[in-house]
Structure formats: structure tokens, C-alpha cells
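Here chain A shows up in two complexes: once beside chain B, once beside chain C.
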Partner chain A sequence: MKIIQQSHAGTLESGDVLIRIQPIDSHQVEIELESVVEKQFGDAIRRLIHDTLHKLSIEGVRVIVEDKGALDCVIRARVQAALIRATGTQLLDLNWGAL
Partner chain B sequence: MSKLRRSMLFVPGANAAMLSNSFIYSPDALMFDLEDSVAITEKDTARLLVFHALQMPLYKNVEKVVRVNPIDSPYGKLDVEAMVRAGVDVIRLPKTDSAEDILEMERHILQVERKCGRAEGSTRMMAAIESAQGVINAPEIAKSSRRLIGIALGAEDYVRDIRTERSPDGIELMFARCSILQAARAAGIAAFDTVYSNANNEEGFIHEAEHIKQLGFDGKSLINPRQIELLHNVFAPTRKEVGNARLIIEAAENASRQGLGVVSLNGKMIDAPIIERARWVLQRAEASGIRQ
Partner chain C sequence: MNEEYIFCCVLKTEIMRWQQIANFLQQNNLNIDTDIEQFIVAFDEQQQLVACGGIAGRVLKCIAIEPHLRGQGLALRLLTTLLNQAFSLHRYELFIYTKPENEAMFTECGFHLLATVNGQVILLENSATRLKRYCQRLAQQRQDGRRIGGIVMNANPFTLGHRYLVQQACKECDWVHLFVVQENASEFPYEDRLDLIKAGVADLKNLTIHPGSDYLISRATFPSYFLKNQKIINHCHMALDLQLFRHDIAPALGINRRYVGTEPMCEVTAQYNREMAYWLTTAEVRAPQIELHEIERRQQAAQPISACRVRDLLAKKGPEAVKALVPESTYRYLWQHYAMSQPLVSSLAG
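The block that comes next holds the complex of A and B.
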């Protein structure tokens, strides 16, 4: 599924993450990550976001991540929430198993 | 012994940090909230946060309750769908006014259980009664579903509905508390008290906890982790109660060996209800320790 509008989800509070989603003119996935734990977990966070997008068959998107030490389950939830905001709840209805 | 449900700690569903670390406290149950503590604009992300938090291995050993939005709101059905799929133990219905509210929620839960392959009936329910109509209908509500583990008083909405406000001695809640307790006991389920919302007033909290324990409630909803230990201590039997209970059990066992149905201990008759209560005190002491 291609993203056609911008959206965001999350906060900049400690333990949370702010995810911004933007459509881009290609089928790529671009991730811009800024994290308080980037040295230790930067690669793992990128993999987690790629995996979350892949499971929902999302492409053509830039994901801007401002992480304040969120756990994996929080990052996954915020990315999915931003995607649903950008695409509508049919993404949820069709993909419970992929969440 | 039935499962201990003295303390149910509210965790706001939209607060990522609290969802990430609430497992460090040890309430009898954690109650993730998708309803009043979540702003309308955050309902969708809170639902997903709780959906993933419920599946965290760190929450494996605690009973997980989720307070969903009313089923007739735009969020209720999606909340139930997500929580049942995530493996929630108990769905808490807010603002339950009638048995039909429970039955409607139950039908929806069953649909989701069938869709996702979860065992039918494995999602339990509890109902919060928060209006005069709900209190009047408490006996029917309490008996409406085999999934119900208990009913709870939601006092903030209730006092608004009966046009008063909460006071330190809680006289305005007496009728509702007694009605809910009687309805729960008649149906054989648990009764839970409302929150004490001033987290900094320990004395007031303990006073209220002792009051609801004396009435017969199983436990109470909590808004601050500091209240957990205070509440568990209130529910723990005293050293004297435990000592008496041991003497009663001993006397009863002796009587049984001698083939006697009734026995006397220090001039007081000991019969079946007293022996049962003594066993219950010892079980409570095992779970809660001795009151400090």
C-alpha cells in the first residue's frame, strides 16, 4: 500500500517516540532516526520499523523518528498508529494478524 | 480459594512510559484504561499501545484488565476487537446501566473470539456501575453473564448523576456500595470499590479502605502505585485474628476426631460458618501477610 498523506503519532516524553510519516515519490522506505539510545539500539530500531512497514505492505514512505527511549512495543504501536492515520482504518480491519 | 483481587491499578492507556514500566509494581491486577483518561484524539494510538503492551512477556504473570470505551461509542468495538485478540484477561465495561449492556458487549466479545480463534468464553468481563439506574439494576447486571468476575462502583460519575459530591465519610455512596455488594454476593461474583482520587492523602485512603473492607468488598481500584501496599495491609488479617483462627481450626479438628459436630472454645460455640471464616482468615494471611 502506498502512503498518500502525512501523519504523525506519539510524543516527545521520556519512554515514548514521535513518528512522522510522509509520502515519497518512489517505492522505497526512508527512515530518519534521532534517538537518545542511537549508538546502542539505532540498528535495532531501524530493523523494527522496516519490519512493521513490511508486514503491512507499506512502501513509498519517509518515516521520521524522534525516539526518547521507547520500548519496541511502543515504537511498533506508534508506527502503526501513524500509518492508520495516513491510510484509514481499513488498514487495521484487514491486518489484525500482521500487527 | 478464589483469586485475590484486592488491588486494581489504573494505567492510562495513552501514557507510553507508564505502559512500559507498570509491571514493576505488584497489584493483584493492572487495569489499562482506554476510556476517560485518554483524549479523543489519542484513542487510536492508546488502543495500539495497550494492544502491544498486553503481549509483553513482562506482563505475563499479572492479571490484565482493560477498561474499554462504551460499545455504542465510535471506539468501543475496535477496543474490544484489539484487546480480545491481544489476549486480555478481563474486559471492563464502563457506565453499565442494564443487563442488556453486558449482553451486547458479550455478543461482540464472542464474535471476536470466534474470528481470531480464541477459546469461547475465555475473555472474562467486569462491569462498572456509575449511575442511579445502574445501581437499581445491579442485581440483574450481576447475574447477566457467566463471564462476569465482578461488578465495581464508579463513584465520580455516580455522584454527579445523583447530584451530590464525594465527602470524606462517603455517606453519599452508602446506598450504592451496599446495593452493589449485595448484588455481587447474590450472584456469587466479586465486588470492587471505586478509586480514592487524592493520592497524597494516605490517612483518607486508609480510612476509606477500612470502610469498604468492613462492608465486605473484595478490593478497590487504585490510581497510584503508592496505594497498593497500604491497601494490601488493610486487607491483611491482624496477628490476633490469625491466632484465633488457628485455635478454632485446632478445636474443630479435635472435635471432628471425637465425632462431635459442635465444639466450644473459651466458652464460645464453634460451628461450620465460624470454622469456614477461620480458614478464610488463614488463607488471607498466607496471601497478604500479617497486618503491620
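The block that comes next holds the complex of A and C.
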């Protein structure tokens, strides 16, 4: 699915994560992660985001993540919210089951 | 810690609230920059203003928090709200100029340091990679050669003086990279200035024209709210701009010379050239040195040709008066531009 506009979701508060999504020219998924728990969970967070995007067949995006120690469920929710904002209701209509 | 704060947005049109913000900033030893469009402010349970942050285009400015409330996460909440507001205006690529002691606070919010002027100001952007990626794109236009020149030009409008500078640089270098300043604070809009530059140098083969970027620091949006006086502001502006040029832009393209016109008339610009020589060679900046080449300004009727002189004559006597000072392409443009505004002026007068 094509992302056509930038979008964001989340906050910078402790336990939350601020996600920004940008469309990019290639078919890649780029993740820029800044996390207060980079050393312990950095890789796990990246994997989670890749996973979430993959389930929704999203490619050609850059995901900028400012993590303040959010749990998996929070990260997933924020990424999905940002994606829905970036694609309009298309995402909801097609992929409700995958969310 | 569980204090309830109300955040709201204040527009420039809300005069009373705006004054309240100005007072709050004064108490924190800050002025209020005139280009701020709106503020996000926080009120406490007693309706007192405790924090604020301003948006001026894609620059966040005048961010202040009540001293006794610092270190309580209020900064993060203010920044989140401020960022959300900027994002909702579709401004995602943001910059911050602030005092060096605030670096930690902004780094916590996803901002990354681009350049520093010791003890005075730091410049940050909300991306770890944007500047790097911009330089990578630039590097794709790298050219071979031992002498690679760089010119940064506003050209408001493009004159025979500008033409002469570019011509000389192209003669002395294997390749020249010309950057056009993007600020639309000039009399002639950016797109037109760019077109005139392109038309005026079309015959020069060893030249690449680069459209403006966020990394040529605009004087128009440069903050002044926490810097003491104009001299310091100019110094800081120059220092940040030249650091980015020398540390990031020039290496991407292999630029080892920077060309500028000499400035016999204007002291501020002459000072600029002197400071430029410093920043392009100082060991303070960890990047290869760049030679500064000052080219004597081309003259006409024993006076240097400058955009300033052209604008002046244009305003007083119209396009014919500048025919000898500008290339054909600029002359034609001035006739269109000037002729178009003429009828409006006379209808206003009569």
C-alpha cells in the first residue's frame, strides 16, 4: 500500500512513543530509532515495527521513532494510528483483520 | 507532580494573551521574535502562564518554562504539544535555535545538534539523518577536478556583477557549485531569482546550480530573541551558516574554494567576508580548509555593480536606468515585472 503523506502519532511522555511516518521513493522500510532502552530492546523494537508494517503490506516509508520506554502494545498501536492517518481510511477498509 | 496543566494555542491576533506571553518571556530574559505566528502555552491551576513555545515557519523559538517547574516533565509535555501543533500545520521538518545549556532538553525530544557557537547558540533539527541525506544527494553531483569552487548567492536580482563573479570562478576552477539562497524575504521571489540566475549563466559549462536548502541559514528567520545585540546576532548567524557549509556541504561536493565579491561600500558585508575567512580555515571546525577567493566587483561608470544599486535605481527611475547593469534576461524580466506593477501604482495614486 502506498503512503502519500506524512503523519504522526504518540507523545514524548514516559512510557509512550512518538512515531512519525514519511513516504520515501524506494520500496524499502527505513527505521530511525531513538530509545531510552536502546541497548536492551532496540532490536526488538525494530523487529516489531517491521512486523507491523509487513502485516499491513506497507512499504516505501521511513518510520522515525522517539521511544520513551513504551510497551509493545503501545508501539504497535501508535504505528498503526500513524499509518491510518497517512493512508486515510483505505487501511481500515482493507486490513481491519490484520490490526 | 500531578499538577494539571492546560495547554492552548495563542495566535498573534490575540493581543492580550500575546502580551501576557511577552511578559512571561521577559521574566525569563528572552525577547519575542516578530516572525512568530503562534504560541503553545501552558497554564497552571491558578491560571498562571507557566510555559510557552513559539512557531515561526519551520523554526521553533521562544521556548521557556517557569524556573521552579523545570525538571518535572513539563518540558516534554510542552514540546509534544508544540511538535503536534507544528505537525498539524504539515510542518514536519523543524529546526530549533537555542542557548547551549538547553541541548539536553531538546535532544530528549528527538532533536539533533547541527552546529554550535560556543556559549551563544546551538542549532538543532528533528532528525538524525536529514542533513546527512541531503549531503548524500549533493554528493551524487560531485565532479572531478583539483579546484572545485563554491558560491552562495541571493541575487536579488541577478546582475552583471553576479555574472562576473561566477564567470571568474568558472575560469579559475575545474568546476563550480552555485547555491541559491531560498529565503523569500527578498524583493524578488525565489523562483524568479533562480530563473534569472540560470538564464544569466546558461553559457557557462563547468557549473552546477543547486536550489536553496534549509542548510543555507536564512537571515530572515534567524532568531534574535536571546542574543544580546545585532553584532552578536550577525556573528552567530555567520558562524552557524559557515560551519554547516564547511563541515557538511563542501565535503560532499569536494569544494575547496569559496568565491565572494569584495565589498568596498558596505561595512557589514565587508565584516562578513573577514569572518568568513576565519571560519573557512579555523582548526575549531574539524573539516578540510577552504580557500576564500575575493573577486573585485565589476564596475560600471566607476561604481561597483550590485543588486542593491539595481533595486535602488529601479525604484527611482524604472528599468531603463539599469540596462547597463544587468544581463538581457534580467532586463526583460524587469520590464515585465515592473511594467506589471506600474498600472497598479498609478491607479492607486489617481
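Going forward, the second predicted complex is superposed on the first by the 99 of 99 C-alpha atoms of A that agree within 3 Å, B and C clash if a C-alpha of one lies under 4 Å from a C-alpha of the other, contacts with A are read in each partner's own complex, and residues count from 1 in each chain.
In this text, contacts are C-beta pairs under 8 Å (C-beta built on N, C-alpha and C of every residue); 3 or more make two chains touch, one makes a residue touch a chain.
Keep in mind that this is a model prediction, so the values were computed, not measured.
Undergrad: Counting only touches as set out at the top, which of chain B and chain C does A:Arg78 meet: first, second, both, neither?
TA: first
Undergrad: Could you tell me if A:Val29 is touching chain B, chain C, both of them or neither one (first, second, both, neither)?
TA: Touch status of A:Val29: no partner.
Undergrad: Touching A:Met1, do we find chain B (first), chain C (second), both, or neither?
TA: Neither partner.
Undergrad: Tell me which partner touches more residues of chain A in the superposed arrangement, chain B or chain C.
TA: Ranking chain B and chain C by residues of chain A touched puts B first.
Undergrad: Regarding the shared-chain residue A:Leu48, is it in contact with chain B (first), chain C (second), both, or neither?
TA: A:Leu48 contacts neither chain B nor chain C.
Undergrad: One more residue to check, A:Leu12. First (chain B), second (chain C), both or neither?
TA: A:Leu12 sits against chain C, while chain B stays out of touch.
Undergrad: Using the superposition described at the top, list the residues of chain A that contact chain B and also contact chain C.
TA: Dual-contact residues (chain A): 11, 13-14.
Undergrad: Which residues of chain A touch chain C in the complex?
TA: Listed in rising order, the residues of chain A that touch chain C are 6, 8, 11-14, 18, 20, 22, 32, 34, 64, 66, 68.
Undergrad: Once bound in the complex, which stretches of chain A touch chain B?
TA: 9-11, 13-17, 70-71, 73-74, 76-78, 80-81, 84-85, 89, 92, 96, 99
Undergrad: Under the definition above, what is the set of chain B residues touching chain A in their complex?
TA: Residue positions touching the partner: 16-17, 19-21, 44-45, 48-49, 51-53, 55-56, 78, 81-82, 85, 116.
Undergrad: For the complex, which residues does chain C have touching chain A?
TA: Listed in rising order, the residues of chain C that touch chain A are 73, 76-77, 79-80, 83-84, 87, 90, 92, 108-110, 127-129.
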